[in-house]
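Structures incoming, each one as structure tokens.
After this come two complexes, each holding chain A, first together with chain B and then together with chain C.
Moving on to the complex of A and B:
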């Protein structure tokens, strides 16, 4: 499974990518929407885990652009924010089951990823 | 006291506010002012008009009375006067129509007397006096020939004036009578006098026969005040009247009865010209004025009636309006504070969401880093030798999870500020609220028990409001309890398909007087400890909004049970899309 992780916190996203690799999931990561799009334009990912709130391009905008580039890509949202609006918009985009609040246990994340990929 | 208490308007015991609102919220003063101003403005003109009208009608009635008496006196005076003039003219005619010699002849004189009796009536006898005052001829019932009248007033008067009407006197015959005397001058320079005695019965009937209303009487007096006709009030003929002779007036005069010693009388009198008589008519003042008295009674009755109706109306209207203002003010204040509270909650919610976000990101990093370290230990052989490090990593991850649980709860709490109705598991909500408070309960060794509700169906209600309701009630219970108390929450189904949540503590309890007012805004027994008196009032209005109600059973020293009864479905009041996802927390 080819996975793209996007979060403005490099520490978080790099550690997460490494942890996923231990579990046999090949994850590429980016710290901004722009970089993510660059990566996605080279090769299509099956699944993207996106932070909702990022400087510059937010997760929701990024999702739309990713879907344009790679139709059929599955999206998981990950957020630390609890604002009602974001929640509504995020869950409207991905379905509420695929909207996760940080911090999330790695086992839960993998379970969701597998569900999303189905 | 009891009646007043039940009639007492709700604002009566309301204490006026302090400072700026002192006059604004002083309802008793408002009420008093409204009563006073309205009463003065309505009763003032009414009373003034009533007094003016009273005076005018009284004056009119009095002058009307006077006029009636005056008319009566004038008419009677004319009758008496005509009677005397007629008789005098008759006697005068006799002296002109007959010579002295003819009159001195008793036979002829007798004939004349007969003629006078027949044609005029009222004559008793006739006598002729010569110039010396000696009666030379007489016809009548008495034997008076030869009597000397030279010393009598009537003779003296007739000498100087030529004619004279006497007052009533007894004279030689010792019987009340009056005489009409006329002098006839003779061509030789001498004269004689014809003297006619008048019938007093006939004379008296002039006044006694008058048809006067009850308590009225008419009589004659002479200028010395001696009664000339009988009076029931002042005595018989020829007695002296007990009052002063009224002053001479050319015209008829009416005086108040005080002057003649009869305060309740109106007295009219007239001097009868060319005679010694004064006609007096007195009538009962109260009877003359009786029509006025009746009018006066009607007026007074009407006035008192109107004043009563006005005062009652003013009282009713003032009380009603001030009560309405009081009620409106109370509602306004409560609404204002409700809004304030909601606003505060929204601010706290936003703040909490922000804080949770800020904390969640670093937490996520800690989580991932710790997880990574743990993974490294798990997947790389070289690190696996030290199991202690692994344990530390596990505890870091567990702590991060705990923090995460708390921030997620906070977020879910903050998220439910918008009102929306959805199926809610009440037990879950109570568990969430207890999750917030269990640390405090632990610190204070309060034992919390939650019973029932596991298999009950969800109710359609607002999750956020339910959270607030239970948070308030449980907080309240915590504050009422000392350390080591017991809190029991029991959820049970209600017959109407809803359910009830009873929150019982074994704290200090609420006194009976406080129980009545405990849901009022700003009613607090904890002012010194920073209580605002809003918690329970907000709880109350929140429960009402959800279509439920709160009951309270409390015993001082034994504890309190608040029971929230929720309907199966809250009334749809507020709009707002519910996010099904938010139910997840």
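Moving on to the complex of A and C:
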């Protein structure tokens, strides 16, 4: 499974990628929507884990652009405490069960990734 | 050309808008703190993974441990700065009137707004005078007004995508200048929230010919303002 992690906090995405790698899941990471799109134009990912609120391009806009580049890509949103409106928009895009709130246990994240990839 | 925007303060409106401002800033801070918790969670998770690996006979990488410890300490420092801002913001409602350093208040409002502005693709910079510029005012409502003007600047940022704030002494007043805006954003009339706060604080809003908004804060409160 080719996984893309996107969050503007480098310490977070790099640590998540390291922990996923320890569990046999190779993940590539980016700290902005623009960088994520550049990566996706070279490699078509099967699953992406996106932060909702990021400087510049937010996760919801990024999801729409990723789907254009990689049709069939599955999306999980991973967010801090957003507003009710954020939750409505995010869960409408990903499905309520694929909208996760930080911090998330790595086992729960992997379980959701596997469910989303089905 | 100079224009001003004042009207009598509507206390109910000021109170409700003030609560909305307090909520918006608090929510933004909670979002930042959630990010720190998520980073701590993953870094602690790496330590756990390394311990499990070592238990199974793998090599414990000391340099990696040192790097992780350093990263965690750096995150603690970042979180402490955010909590310091949150604390100062929370205490701004302690008293309806106080002597404050206008430059310090402006710097705090920028710090509290930086992530919100970044989400709009706008960078915030401040040029401080290097000396204290005391004003006697309502600390909370001054923050509210500064935030509204800053947000007007963010939403009306010009092609530079950089809003520049400077604070300088004036004639029995302190001048807070907001630059980096389109002319349309500068010349737009003040909305009800801005005019209410301007009246309450005895302040004035000017437009300068170079395309900037200037908030003129009196050093002393206007007698009828909120007493």
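What we mean here is this: the second predicted complex is superposed on the first by the 118 of 118 C-alpha atoms of A that agree within 3 Å, B and C clash if a C-alpha of one lies under 4 Å from a C-alpha of the other, contacts with A are read in each partner's own complex, and residues count from 1 in each chain.
The definition used in the following text is that contacts are C-beta pairs under 8 Å (C-beta built on N, C-alpha and C of every residue); 3 or more make two chains touch, one makes a residue touch a chain.
Quick caveat: nothing in here was measured; it's all calculated off a predicted structure.
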TODO: State whether chain B and chain C clash or fit side by side on chain A once the two structures are superposed.
DONE: clash
TODO: Considering only the touch criterion stated at the top, classify A:116 as touching first (chain B), second (chain C), both, or neither.
DONE: neither
Open item on the list: Per the contact definition in the header, classify A:12: touching chain B only (first), chain C only (second), both, or neither.
Closed with: both
TODO: State whether A:99 touches chain B only (first), chain C only (second), both chains, or neither.
DONE: first
TODO: Applying the touch criterion given at the start, work out whether A:80 contacts chain B, chain C, both or neither, answering first, second, both or neither.
DONE: both
Open item on the list: So in the superposed three-chain picture, is A:4 touching just chain B, just chain C, both, or none of them (first/second/both/neither)?
Closed with: neither
- [ ] Based on the superposed arrangement, let me know which partner A:22 touches: chain B (first), chain C (second), both, or neither?
- [x] both
Open item on the list: With both complexes superposed on chain A, which partner does A:49 reach: first (chain B), second (chain C), both or neither?
Closed with: neither
Open item on the list: After the superposition on A, what does A:58 contact: first (chain B), second (chain C), both or neither?
Closed with: second
Open item on the list: Out of 314-322, 350-358, 422-430 or 530-538, where does chain B collide with chain C after the chain A superposition?
Closed with: 350-358
Task: chain B and chain C footprints on chain A, overlapping residues - done: 9, 11-12, 15-16, 18-19, 22, 53, 80-83, 101-104, 106
Open item on the list: Going by the contact rule set out above, which residues of chain A touch chain B in the complex?
Closed with: 9, 11-12, 15-16, 18-19, 22, 53, 79-84, 87-88, 91, 96, 99, 101-106
Task: List of chain C residues in touch with chain A within their complex - done: 27, 30-35, 37-43, 45-46, 49, 53, 71, 75, 115, 118-119, 121
Task: chain C partner contacts - residues on chain A that touch it in the complex - done: 9, 11-12, 15-16, 18-19, 22, 53-56, 58, 80-83, 101-104, 106
- [ ] Spell out the part of chain B that touches chain A in their complex, as residue ranges.
- [x] 352-353, 356-361, 363-369, 371-372, 375, 378-379, 400-401, 403-404, 408, 410-412, 414-415, 418, 579-582, 584
